[in-house]
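In the two complexes below, subunit A is the common chain; its partner is subunit B in one and subunit C in the other.
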Partner chain A sequence: MPDTASSVAEMRKRVVLHADRVAHPSSMEFPGNFPGEDLAWDLERFKKDFRIVIGHIGKDDMEFDMIGVDAAVANAFRRILIGEVPTMAIEKVFVINNTSIMHDEILAQRLGLIPIKADPQAFALRRGTADEPTDLNTIVFKLTVRCEKNLDAPAGAVHPDDKFINSNVLSSHLSWVPQGEQETRFADDPCRPVIPDILITKMRPGQEIDLEAHCQKGIGKEHAKWSPVATASYRLLPDIQILKPITGDAATRFAKCFPPGVIAVSPNAAGIPEATVVNPRKDTVSREVLRHAEFEDKVRLTRIRDHFIFSIESTGIIRPEKLFPEAANILIKKCKALKAALAASGALDSGAGGE
Partner chain B sequence: MSMIEPVEDTHGFPFTEGATKFEIIPTDAADPSSATFVVHDEDHTLGNSLRFMVMKNPAVSFCGYSIPHPSEFKIHMRIQTDGSITAAQALNQGLDDLVALSEHVLATFEAKVAAKGDYETRDI
Partner chain C sequence: MSNAPAIHEIYLLPDGVDKVVETKSTKIPNASTFHLEKEDHTLGNLLRAELLRNPKVLFAGYKMPHPLDHSVDLKLQTTADTSPLTVLQEDVNSLMRELGLIKKRFENEMTLHNMQSSDPNGMPYTVDRAYS
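Showing the complex of A and B:
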């Protein structure tokens, strides 16, 4: 066992994973917790230690490392990404005719979940029913589809796609009906479903759907259909510590406890195969190694407390690298709103103490 | 394309406009060093990050938050200081610090995204 001083130092920097529990998960970096240390908030020190490293940016997803920040703050960003960045989604469906087998309410629920490509910043919130729908807060789509027999189908056709016309109702069947100035405002980027081939329902000859759908601005906290992300998550960077050399056949067995690429087995100075950690980032921290008695006391699985590997998967409405700045701005706005409310309450005027 | 001036935010939730944002439950009218602040329309997002920032203040001896009931959309934030500043001042300082932190995170992120070539870009 390590001595107390170094185990406290490790406790502060690492979250340790045991077979049956996770040890000291919460942060202790607060003033007064450790003698002789100034742990008060210091913006300059934070700026010095804080780092962001971008791994990749794709069309719809990105991964980056955020290093040197507390979980409380990283989690706030993650929560805002999922629940508070606004988008446009179908909220009201006026069904004129629906003879398909899908009930109106199920159809409406499915329509709501279709991501709509429209810049949310170009629209205003529609608050309740008192707010009239206008071209500034509502996008209108029409869905008019009728399924018919395909008279040109070859005689032996068996597949519904060949036998029938419009047997699949797809998101591309939604046609945008520009209101007011929308046609000119969005001339170069028309409002449309992000993905054209989302299956809404299936029909057979004689069935038809005729409806009008109204999109409104909203946030994921009210309904997941407004969430701009498929998911936004983070994990802590794993740090695998080999405490005693693991050599020979045991090294191969050790490497098998981890995903490929995490552990390398190569000859050490004495020419005996030895296990070394090469890429802990790939580890899923399955803790498989802790099930084997032979590796007891030879390895410690930890995660670095302030190293967050963020992953953002956009639904395609907002580019992934634009989502995080939106989330940060929302957190700033929240703080400023509360600060204004605190100042308005007059509580700051009745000062005790020095200031 | 013309942009709409964003409507003054309702702090996250669209349908609570005009409601009270902030209340104070003082523990003792003569002692401003401890109080419970009620913040409406906020949850763990602001609650936990603000608790962290307020606890980073050496003049604060206690800070914690709770959501008193899951169907009421509000948090209670309890702050107790050593008396050198009031609880309200500690809250105000925490908000300033959290804004400064977020602004730095935002600026760093945008600078890194702008530095194309430092990272892999994928077409899919």
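Showing the complex of A and C:
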């Protein structure tokens, strides 16, 4: 049984996972909580303790570690990434002709969800219907597709792709109609769907779709189609503590309780196989090990409270490594707006003579 | 037509509405409720966490009065030598510095990462994906 001092020290840094509950999940680093310690907010201390480690950057996803921040900060970033970084998405669909089996409203909904590659910074927000659509706030796409029989199809063709032309309506069928100065402004990077082969609907000979789609700027809070991320999430770094040596066959059984690569079984100094933790990052913290009575009192599953493994999966509109600074900008902008409003309200108070 | 709420109502401050309104408590000394318009848990929880690290703060908490009301109520009580408004202003400033620092660190790390990965002999730091 650990002594009180070390268990308090652990409580402050670790979230402990028991079979039936999670112990001390929230931070307790507040001024006055521990005698003789100054836990007040201090920028210099934060500068010293805070670390970012970039892990993996892929085509559309990235993973990095954010160490030394409060959960509120990590969560604010996650929420901003999902709900408040603006993008462009199809918002208004004007259907001229639609003889496909898909109803207009379903078609419009599906069109809205297609990620549109366009720089959101280059566009303005359209404030309600009173705000006229212009080339500064709207991108226009046309979708004109007609399905026909393929007269050159081989005699025995059975597959619709061979028998018909345009039987699949894809996102690449959306053609951009530049408005005003858009053609010169976006000459090097034309507005287009991020992924060309998203299936919108299927058609058969004689059916056709003719519509005009207007993209507007928006945020994920309003509708998920404007979210720049597929997911943005974080988890705490697991820390598996082996309290008593686990050796022999038990070590193999112990390793089986974790995903591959978390626990290694290798001979110890005495030549007996012993389990050691090699990569806790790979652990999913399934808590399987806590179901086995033989490992009771031998292992402690914890997570490090201020070590966030942040993962961002972009929809492809904005590069994942650009998304995080963008989210930071939006948060800072929110704080600035609040600061200005507070200053204004403070000025009002003193202007009125105070109380 | 429909009675659906206007689409931008969730994040755009209408004309003539104050972003923040301070209501001083009549029962508790040095206590105020700040009503923040068009904000949610993102800023509410962030401010609460920041305020709790300030030794001058005796109480800090927030709530969203109604999920369809896009506003946050931040309750704050401070020690007698200052006022809730001053403390909130100070902490918004330190929050901005903190966020600015996080952004700068991230961008520095990105520059470093890009330099490492362009160097064929460099050993880039890789984090094993949990499920790969």
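The working rule: the second predicted complex is superposed on the first by the 346 of 355 C-alpha atoms of A that agree within 3 Å, B and C clash if a C-alpha of one lies under 4 Å from a C-alpha of the other, contacts with A are read in each partner's own complex, and residues count from 1 in each chain.
Assume a contact is a pair of C-beta atoms (placed from the backbone, for glycine too) under 8 Å apart; a residue touches a chain by one contact, two chains touch by 3 or more.
Bear in mind that the values here come from a model prediction, so they are computed numbers and not experimental data.
Asker: Subunit B versus subunit C on the shared subunit A, clash or fit?
Answerer: By the criteria stated at the top, subunit C and subunit B clash after superposition.
Asker: With the two structures laid over each other on chain A, which partner does A:Asp20 touch: subunit B (first), subunit C (second), both, or neither?
Answerer: neither
Asker: Tell me the contact category for A:Asn279 with respect to subunit B and subunit C: first, second, both or neither.
Answerer: A:Asn279 sits against subunit C, while subunit B stays out of touch.
Asker: Where does A:Phe50 make contact in the superposed view: on subunit B (first), on subunit C (second), on both, or on neither?
Answerer: Both: A:Phe50 reaches subunit B and subunit C.
Asker: Could you say whether A:Asp152 touches subunit B, subunit C, both of them, or neither, answering first, second, both or neither?
Answerer: Neither partner.
Asker: If we overlay the two complexes on their shared chain A, which of subunit B and subunit C does A:Glu84 touch? Say first, second, both or neither.
Answerer: In the superposition, A:Glu84 contacts both subunit B and subunit C.
Asker: Is A:Ala124 contacted by the first partner subunit B, the second partner subunit C, both or neither?
Answerer: In the superposition, A:Ala124 contacts subunit B only.
Asker: With the two complexes superposed on chain A, say which partner A:Asp65 touches: subunit B (first), subunit C (second), both, or neither.
Answerer: After superposing on A, A:Asp65 lies in contact with subunit C but is clear of subunit B.
Asker: Does the superposition put A:Asp189 against subunit B (first), subunit C (second), both, or neither?
Answerer: It touches subunit B, and subunit C stays clear.
Asker: A:Leu136 contacts which: subunit B (first), subunit C (second), both, neither?
Answerer: After superposing on A, A:Leu136 lies in contact with subunit B but is clear of subunit C.
Asker: What residues on subunit A does subunit C touch that subunit B touches too?
Answerer: 30-32, 39-41, 43, 46-47, 50-57, 64, 66, 69-70, 72-73, 75-76, 79-80, 83-84, 125, 127-128, 219, 221-222, 321, 324-325, 328-329, 331-332, 334-339, 341-343, 345, 355
Asker: So in the complex, the part of subunit C that touches subunit A is made up of which residues?
Answerer: Those in contact with subunit A are residues 6-8, 10-12, 18-22, 24, 36, 39-43, 45-46, 48-50, 52-55, 85, 88-89, 91-103, 105-107, 109-110, 112-113, 125-131.
Asker: Which of the residues in subunit B come into contact with subunit A in the complex?
Answerer: 1-4, 6-7, 9-15, 17, 21-24, 31-33, 35, 37, 39, 42-46, 48-53, 55-58, 83-86, 88-89, 91-92, 95-106, 108-110, 112-113, 118-124
Asker: For subunit A, which residues are in contact with subunit C within the complex?
Answerer: 29-32, 39-41, 43, 46-47, 50-57, 63-66, 69-73, 75-76, 79-80, 83-84, 125, 127-128, 219, 221-222, 235, 259, 261, 279, 281-284, 309, 321, 324-325, 328-329, 331-332, 334-343, 345-346, 349, 355
Asker: Can you check the complex and tell me which residues of subunit A touch subunit B?
Answerer: Touching subunit B: residues 27, 30-32, 38-41, 43, 46-47, 50-60, 64, 66, 69-70, 72-73, 75-77, 79-80, 83-84, 119, 121-125, 127-128, 136, 185-186, 188-189, 217-219, 221-222, 321, 324-325, 328-339, 341-345, 347-348, 350-355 of subunit A.
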